[in-house]
């Protein structure tokens, strides 16, 4: 089932014509910032971008057709902390105009057919519960069925606590689905953006054939606070940033946002031009 | 959840999954006095509780440990090796907490580093090569959160272990024997059959961690434990695990021999059952096992289904 | 040595191996002035010689580097990535020496650490997954001999890389572009076709190391170089390599463009040829290629063969 | 072709009734030392043992049948250093009563059928040239054809310089042969003894399904002198010893010689009792 849904542009609220860059302090005119893909024009700090904006940046114009847009969470545990889980979902839905923390669909990138998923960090910290797990698994299965590449842009604090151990099991589900997709000889490009942590990094996001990261993105398994208290000392400068992961061998490239689309297209292209005679020669 | 496998074996007989007949609790109704989640957390963490090394000695007939990940080191928080179980060779991979402060320090309190998971992966592949079943024992507060673990790719190691277990061409039985802490536990927890000891816990986050985030106070851990529903009976109800290995009234540490005997019986029964499942069925069932965990609704899909003309509905989803 | 592959392609035509027609020297008789081994060592080590990074830029149409071994680090002594070559996607893995003192320090003088070989292995597997040919450039004094490299398993990494290249289900062309130092070079050197630049060297040990051991004096390096026969023409005669990519009179650094063009031509020709070989034939030929290198005698086998009755001899070895 | 060849016992020369332990200094009566498998009765220092003695220690009594005993080296490079290569070979042959640096054959170990190879360090430092490469490759191929396990006891300084790049190529040959053997689902137990270094460690010897090492054995890629001069400092205590490799994850167990046979038998047994229904169920 595919529904072509118009992009829901997040309203640029009138009172915020300017945004201050948290990195260099520069005051940036919002429209200019948006035109620059939400990258600071002075210091190249990469602001977070939402799922829809990300898709617009990456997919070829008008090529995106959303799949599974209507899936919504249940409340399997009857989880209540300071608020019931359903109330938190409703809040996030109102705030983001999304039903949960990931948007998936078919698209082309540089002409290459892909299934593209982008996470919405504003929705409960991009946490992965059943809906995110289900939608990503469906995306991978759908890509496999259609022999499409898979591109997932992650932005997540990890598994969704409010779904308890069921959320944890989504790690297995997503890993198994991207693995099946990969076993069909299809490429998976994993894009890690600020932040990609916890259970999302410890599952499908670390299993891309190519793993790209945005400059300065926080990427790690344990929260820096936990890590810091474990060693009782300050962490090294740049700890758990994209460049740190590149140095330690877990990221293929740190790619400025302006080059991301072309770079993904290059890799999709490289992986889809096998020496064909070889593949059928066995 | 085990039905798929039994169906592959040609129809589900009464107790086809071998749980009840091997003494495993497959229905929460069978639990006389159900512990509160917080009590379970305490029991699961009890330092006197039999840990992996002791259980391996009691459950298996012989055991030879294999060391190292062939890339960086040998993690003492993960014990891995080959053993006999009722005349069958098996690969055993287990997290090992200490049974004393000294051992806990030596074993990082059962918190593996990436090389621990990479040792596990190596042993999984060895099992696959020689067609041996894999048995894992899970007992960890979580993967080690230190900066060196981050540097060496804790997340990558966990993701890869989950991947390898999921696609492994060998039967896998995982048992949470004590504390099943988040991704660090799950990295050894992907299997065809997943059991828990009756008082074990298995959760996406520790009650303390959850309380600190959601209640902004670690002292709310008891409430968090309850909310997380990470005790064995809860997870059996939620369909996350397949059965509970009984413990005596006072907890596993009050009768270690009995607990080990029960665990052995459960493992033998499951290996007997899994041994005759064709690999392709086993892998398909393992995929589906995890694919089906979760709960969501798709209102528009239901609506769309109704709105379709009758002949489209008859053709089914595949036709779209 | 390429005959097997050509036979798999249905009979060997004149120049079926595509060497001569692509400008590669397949017969030492074709070399006008043959350098002494010691001259070749000097030329191969010349810091002005075009190194991998430069050659990659000149030979391939596009190149995107991929970083990291997914376990410990990213080794700057190994450059690996995806490139285009005449409309074909290829995986490129290369050792990179510095072209300046600073770069040499940053790149460990082209001596990879274990993580460099593990990055290579990762890229080889990627090539296999997507059916892409692999091209390697070899240019190293040897694997890094430091204690940290030992701690992280230099020998294991080399052995594993040799293993993966040997069984890789993709065509592999390896080129010694400068210095091919021992196991550290061989770890990127297992292929269906192995070429050398005309003045490259490839040896089991450096002339200096050999002299220090056998003559107990490093100053005997020139004699050792001669004895080791590690220059390209020697290895072509010995059947270790398949051909030499020509260099201009003064060495590769005197006309970088021409050298790169010749290398490109040779690579395109070999990929064209290998692309149509069925994988099973390719792997069998690769096994046999290395299986057949060496020289030994088996006097008793010959004697035993003669002593056999005629009908046994007629049945051949397989009958015994 | 299999020839049953009687063990050639190395003569215990009369003038050496006693041996001093290089580790603890104890004077050891040679017969007692031999009875103790050439392990110091005081400090358990493991003396080197030759190929034939090793085979006697590991193979079930009278089970060993040598294969390829007559292969001899050629001199492909015409190599001459202070002596011609053929002269060096002749010397080693006279000294060891072996034709080259490895002895291979079929045997049983604890009843399990294996092809067993043991290297002779006294023969040109156990160096691997064409004959060693050829015999090990044949051993692996023979084990594969006969569906036998493979046990190789290494003791080698590395590749044989006198065969130049041809010796280097034996790394590929042996790796490829044990890999094919392994792909047939058969076990390979690699035993590393004092010393196992250079090209032998960097090839088949590091690829055992199980890798066992003898206590205190020197095991490493680069010579300690090279490594030491690289860092210009003293190397850590125990560097490149079996226990060091165990700690760093490259050896499964350090096994005292007295337990080696049983331990190998255990692993051969474990790997040959698959859940059979599984294997044919696919």
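In order of appearance the chains are A, B, C and D, and numbering begins at 1 in each one.
Throughout what follows, contacts are C-beta pairs under 8 Å (C-beta built on N, C-alpha and C of every residue); 3 or more make two chains touch, one makes a residue touch a chain.
Keep in mind the model is a prediction, meaning the values are calculated, not measured.
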item	value
Count of contact steps on the shortest path from chain A to chain C	1
Interchain centroid distance [CA atoms averaged], chain C/chain D, Å	28
Intercentroid distance (Cα basis), chain D paired with chain A, Å	51
Interchain centroid distance [CA atoms averaged], chain B/chain D, Å	41
Chain B residues counted as touching two or more neighbouring chains	70-72, 152-153, 156
Residue list for chain D, restricted to those that touch at least two other chains	248-250
Overall pattern in which the protein chains touch one another (line/ring/star/complete/other)	other
Pairs of chains satisfying the touch condition	A-B, A-C, B-C, B-D, C-D
Partner chain C, residues of chain D touching it in the complex	1, 3, 68-74, 76-77, 79-82, 129-131, 133-134, 137, 159-161, 163-173, 175-177, 179-180, 183, 198-199, 201-207, 220-223, 226-227, 230-231, 235-236, 239-240, 248-250
Residues of chain C touching chain A in the complex	62, 64-74, 82, 84, 87-89, 115, 119, 126, 129-133, 169-171, 271, 274-280
Interface residues, chain B side, partner chain C - complex	70-72, 114, 118, 152-153, 156
Contacting residues of chain D [partner chain B, same complex]	182, 185, 187, 209-210, 246-253, 263, 266-267, 269-279, 281-282
Sites on chain B touched by chain A in the complex	143-147, 149-156, 158-160, 162-163, 166-167, 182-183, 186-187, 190, 202-205, 210, 213-215, 224, 227-230, 235, 238, 240, 287, 290-291, 293-301, 304, 317, 320
